[in-house]
Structure formats: structure tokens, C-alpha cells
């Protein structure tokens, strides 16, 4: 699964991961029994790749632990949605709580892992994922800042380069920040990047070598 | 004082004054007190500050209140949605103020108002746009932002059941902001699906005790 | 009930109230439907004088609303006690909550009335009821400070004079304070005293005139 | 991570280190985790800071732990009771430290630890002995005292039931400090009367979700 040669775009390096492969990769790195929040968008795909019996418990910030998969036709309950307002289901052992208790859980460092999308991540682990900074954009933050600072580990899932070819791993975020120094690991289509106190380390690459990668990034990559 | 029960949502929202801060429960449609919002539109109070997670969807409910020009300011975490065209238009034309607050701060600031906390140091948003101009402090090596309570004059919330004393229970994720807002407003008005006899709710499972609930009205129309 | 001639001690003015009469007086002043916390000691007697059907809801700070009377033989449940750790009972419509929620309720100003005992009350409504200040005393505060600052109205029940004859309504408390300017009304054996921004007003007296009372106190009494 | 279940209280308390801060639930005997305290005595950890509402009663439980000289400091709201002779003696002879904290501050400071709050301004105790030396601030005309979190290395709590995931429910006023302490300690150990199948607790009535519970042991002996 880690380095299958699935080209997902023209001109892309062979071996680059698609979003489902990235999600599968994240899922494999989540220890059994973890309490996890999956952010809106791509991170929700991670749920589909968690092995049965993993005992991973999903949290949704609108007030629930042990959230089940998206509701199918006939299962939809308007009182039961995830943070993206998509109807979901309840697993045995679920618990409901109000918003202050839910965010206390997040902000108090009780979630083991949170997986978020991002516009940019800096080499120091700063995260930008809530605001494009465009002057006419209406700012909307939701729970992004709370998730960013709260979980024990923050994983980001994103493509490593934007559509215009610019890297999304940057020396300094140019988009407005969500949180400072909060990201632990970045899962991208081309590499898994650990943000460490010493710097950024590419622990796995997909269809590209670390040297090739280093050439395309302004953030230096640790080599050992 | 004892919770009062009303037959009509219009009676339940009587007396809301111009200039009030109104906390409005719900996350998406779950827990949204639609009938109370509709009654507030008919009631006519204006120059309102609305505190809610979102800033209205489609053309009904909160969006309809906004469309009538009754709202001076929205305090919310996520105004920008696919169907938030009413708010978008008001905001872009400078006809409404917006304070964007991280969702957890929104909840915690209302909790603080309800719990008698004067202010609190919170890690969320430190170093970001949303903390600009706010007091910060380093505590044990971490940067915190000082956040103040958000207190409502009125809270409009949706719950599942009330007993005849006004004890409330919610259902699934429709619980969301309701219990917090119920602690944070001077007058708390709940729309419920069912009113049950006192003694029929499990005292271990009451989420909002009657002390927080001023007025209750049963929904006229169930979704 | 307000001014029966029940002498409760030798040398006491005729008409002075006993503790049950004081409790009855407090009970009569609690509006129907109020949410009330009765402190440990004499204030608990107030419950016995609340008329049936008053709809007064009792709060106990160890996590309950709609507390019932003390448990009788055979009703005792070790999981159900009041703040004084006395076994109590549950009324229909009760609700349980944890300590942080219970004190949030108190400190957030949601209780209508709290009734407390006192060592001293100052003319400005300062309360001293937790610590004798004796150098060898082990300090113990419990919920006294939270109750003092939290309720919408704080009523005190105490004898107006200590056993040594010194007044317990004082210009400045000499015992360590529980709260500043928090007392609204003081029910004593000799008078009911309202603490107002203008000063202390004796609204009712028992077996003593306001002038006689004024003579025995260092705190001036308002006369109009 | 997943809650672990133990057959014996002695196994459940294994690994508590000397010098730990131990939060101990209960208000009087209600919710007091007696078997865990007894196991902690056998386990032998010393130089402990104990955070609990009281400072031990009679000669058993917390009082027995104190009598063994294992506790360096007690943080509590009400140490002085009719039967607190063990603490009284240690305190008067200078063999134990005491921090007296208003009961609401005790609860709220642990809540803050569990909720990621760095510090909070609180009205309780302003102008009294217990606020001496603490930072104060006037907010909207009222004086508040700055209070810091109390975080535990370990919490020992008593609950009524646990399911096989570690979700807890309590019974009546035995709930008291348990749910708050469960959020505020690194390792949370619960003694329960009954372990039930997952799915048999009402998800609306779970008070302490399993995320907060590290270890569960069923009481060997029911009161």
C-alpha cells in the first residue's frame, strides 16, 4: 500500500499517492484504541481504511464519541450528524455531550490524534487551513483552531504542491495561521514528513527520492 | 424562578427587546429552535446581536431574521457556508457586523458567562488573526489568550423533552450548544418536541436542570 | 409567627425568636418557585417551614437539585446525602450533576437565594462564617465562599449577639472574611436587618424597639 | 487509548510513583474509592500530594494513607471534621502541608486542567485570606482572583457502572468530584460496582466517556 505505482495525474511522478492511498496510510499509523478526530474533507476518508476491530474511537466536535459511518438511506436521523453536518450513525458505547464539554475534551489534550487538511504547513509545524486570506473572503474558522492546538498528535493530509506548482510545505505560512507549531506529521501524495524539533524529515516517499523532493522545497529536509 | 409553559411560540418570545443579545442554539439544523426564530421574526425585536455557530442557511430561520434587517451583529464560528447567501450579501455590503470566534471559544465563553468566570486564558487562536489585539500570557511555557464571557439577554434553544418543571433532555448531537446557552442568558426559552410528567425523566440523565429554563413551548409542528 | 412572645433564654427580651421561629420567618420570605441553597446548621431548619406546594427547589452543592427531606430509617442511601453529609431524599423532578457543574450553577448567579449561618456580618454586608481566626484552628472553607458570592440574594441566620454579649452585626468583621459585601439580609432573634446601599435597616424587631436595638449596636440603623 | 480492565485493585494502582499528585474522588463516603485507596496504601507510593474534598475520616481510607506518612501535602476544601483526627494530628505537629481551596475553586481548577484552560478569573474568595498573594483584576466592576489549574498524575474515583469500553455512570450525589477528576489526571483509575456490556448504557446518560478512563476495576466487596 505504501508505494504502489498509481499515477493520479498527468505529469505527476509515478508512484504518487491518491487521496484514498493517503487515507489508508494515515489509518495504518493510528494505533489501535486511539481516540481520533477526523477533520472535514479528505481526513474523513481515513475512517474507511481503519481495520475492523481496531478499536479506534471517532470523536466529532459537535458532541459525540464513538461515531459510526455515514448514515445510509433509511438510517438518516436529523439529530445525528458529524461536524460537516453529514448524517452519521452511532456505534455501541457511544456517548453524547454538549459543545463546551466536547471542546474541553479537545482543548484539554484528550484526543490522541486529529487529522486535518491544510493550505500550508511550515517547517516548524505552523498550520494554515482556515482562511485563504483573500481580501473579499468571509472568515470562518469553526473548530479548526481548537483541533489544531488540542490533540496529542496533529496529522495533516494534503497534496505537497498546490495546483500552481508551489509547495505547501513552506518556511513561513503566507496564509493566515490556524495554530503555531502544532503539526506533528504531514501525509502528502509524495512523502510523509515528520515535523521534529530538529527539522523536517521525509520518512517515506512515493515515486520520488528525498533528494528530488529536497530540490523542489524551500524547507530543508533532514537527511539522517 | 419556576419555568413557565406556553401554548404558542409567539407568547414564549414576548418581551424580547430591541438591542438584545440573543443566543441561538443548533449546529446545522440539529437543535435549531426554528419555531422560536420564526416567532422572534414576527415579534419584531431589532438591532439584535445574534450568537450562534453559523450565520443562517438558505432563506429560513436565522437567515430570514437576518434578511429582515433585524440583526446588527453576528458572533459565530462559521458564517461561510454553501447556502449562507443572506449573510454573505449583508456582510459584503457592510450591513452587518461579524465577530468570528473559534468554536471552542464560543462554547467556553458562554460557559464562563454561565459559571461566573470573569475571563480565562485559553490556548486556542494564540498567534493567529483571531487573537490580534487580545491580551496574551505565557503560562508554563505555553501562550494563552485572554477571553471574556459572552452573556445573552435571551437564549433560544431546541431540546427533545421537558418535564413539567422545565428539566430538559436533548437527543444525540442535537444537544450541541443548547445546554451551554441555557446557562448563559438572562431569559432562556426552549422549544421542545414533547412535554412529559415530572418524575418521568431519569434524574441522572437530565442535561439542563430546570433552574436554567425560564420558558418552554412545545413545537407546533414536528419535523 | 412574626412576633410571638417566646422567650428562649433567661434575661432575653420577651418576644425574642427561637431558631425555629427564625427559620419560619426566612421560609415565609422565600418566593414560591425559588431555587434555594440552605447552608449547613441552622439554615437547614428553613426546609421544615416551607409550605407544601411552594414549589421551592432545594439545591445541594454536592450535586443535586430538588433535594427532599432528610432520609428516615429505611430510606437511607449512602449515595444520596446533602452538603452536610446527612442522608437525604430525592423529589420528583430531581437532577444530579457533578461538582464543577454544581458550583458553576452557584457561582454563575443562578440560585435565587442562599441562606447561611454567620459569625459576623458587617454593616456593608461583609460576611465572616468560615474561620474563627484562632491561631490553632485548622482552616476549612468548604463551599462557604462560593455560596456567599454566588446566589442572587444571600440571607444570613444568626443570633444578633454572641454569648459574651458582643454584637455580631459589626462595623468591620474581626473574623476572617468569607465574602465582601455579599449579604442582603440578616435574620436574627431580635430583628430582621436589611443591608442596603444606604445602610442597615431593621425592617422587623422582636421584643425590642429599633431605638433600643440601635443603642446596643455600633452599626447605625437607618430610621426611615 | 483503550481502557484496561483489572481483576484486582492492586493491579489497577500499579505504577503510581513517589511524589505523584493523586486526585481522590468522593464527598464524605459517597463516591469514595475506598478499595483503590487501600490498594494505594499496599502499593506503597509516598511523598504524595492528595487532592480531595476532605482530608480523611476516622482511621480508614484516606486517613489510613495519611497515618502511614505517605502524604506530603493535602489540597482540599474542608479538612476539619469531627473525625479527622489523623489529619489534625499530622497538621498540628507540622508533618503535613495544607492548601485550603474553596470547594468551587477546587472543582473549577481541576476542570480547567482537564479543559486546557491556563488560568481563570474567579470571584470566589476575593478579599479573603484564601486569595492573599494572588493576582486580582477588576472586570466589569467586580473583583476576580486569578486561579490556576490543578492537574493530577493519577485520579482515583468511584463510579457506579462501567461498560466494557470504560464509559462510566455514577449514582445520585456519589457523582460529585469523579467526572471532574477524570478529566484532570494523566492516569484515571475507576473502581466500579458493576461492569456491563458495551451498548447497555444509554449514550445520552454517560457522564464520563471512556476517553477519560484508563483503568477500571470492579469492587471486590460491595458496601
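Brief remarks on what is shown
Which chain is which? They are A, B, C and D, in the order written, and residues in each are numbered from 1.
Following the convention adopted for this analysis, contacts are C-beta pairs under 8 Å (C-beta built on N, C-alpha and C of every residue); 3 or more make two chains touch, one makes a residue touch a chain.
Since the structure is predicted, the reported quantities are computational estimates derived from the model, not experimental observations.
Both chain A and chain B are touched by D. Rounded to whole angstrom, the centroid-to-centroid distance between chain B and chain D, based on C-alpha atoms, equals 33 Å. Measuring from the averaged C-alpha position of chain A to that of chain D gives a distance of 35 Å. As a whole-number value, the distance joining the C-alpha centres of chain C and chain D reads 30 Å.
In chain A, the residues that touch at least two other chains are 90, 96-97, 103-104, 106-107, 149-150. Shared interface positions of chain D, defined as residues touching 2 or more other chains, are 108, 111, 115-117, 122-123, 170-172, 203-204, 207. According to the touch criterion at the top of this document, the contacting chain pairs are A-B, A-D, B-C, B-D, C-D.
Listed in rising order, the residues of chain C touching chain B in the complex are 31-35, 55, 57, 59, 65-66, 90, 92-97, 103-112, 149-150. Those residues of chain C lying in contact with chain D across their complex are 60-64, 77-81, 85, 90, 96-100, 102-104, 106-107, 131, 136-146, 149-150, 176-180. Looking at the complex, you find that chain B touches chain C at residues 1-2, 111, 113-117, 163-165, 167, 183, 198-199, 201, 203-204, 206, 209-212. Contact residues of chain D toward chain C in the complex are 27-31, 77-81, 87-88, 91-92, 98, 100-108, 110-111, 122-130, 143, 160, 170-180, 207, 223. In the complex of the two chains, the chain D residues touching chain B come out as 108, 112, 115-123, 137, 139-140, 142, 144, 148, 169-172, 202-205, 207.
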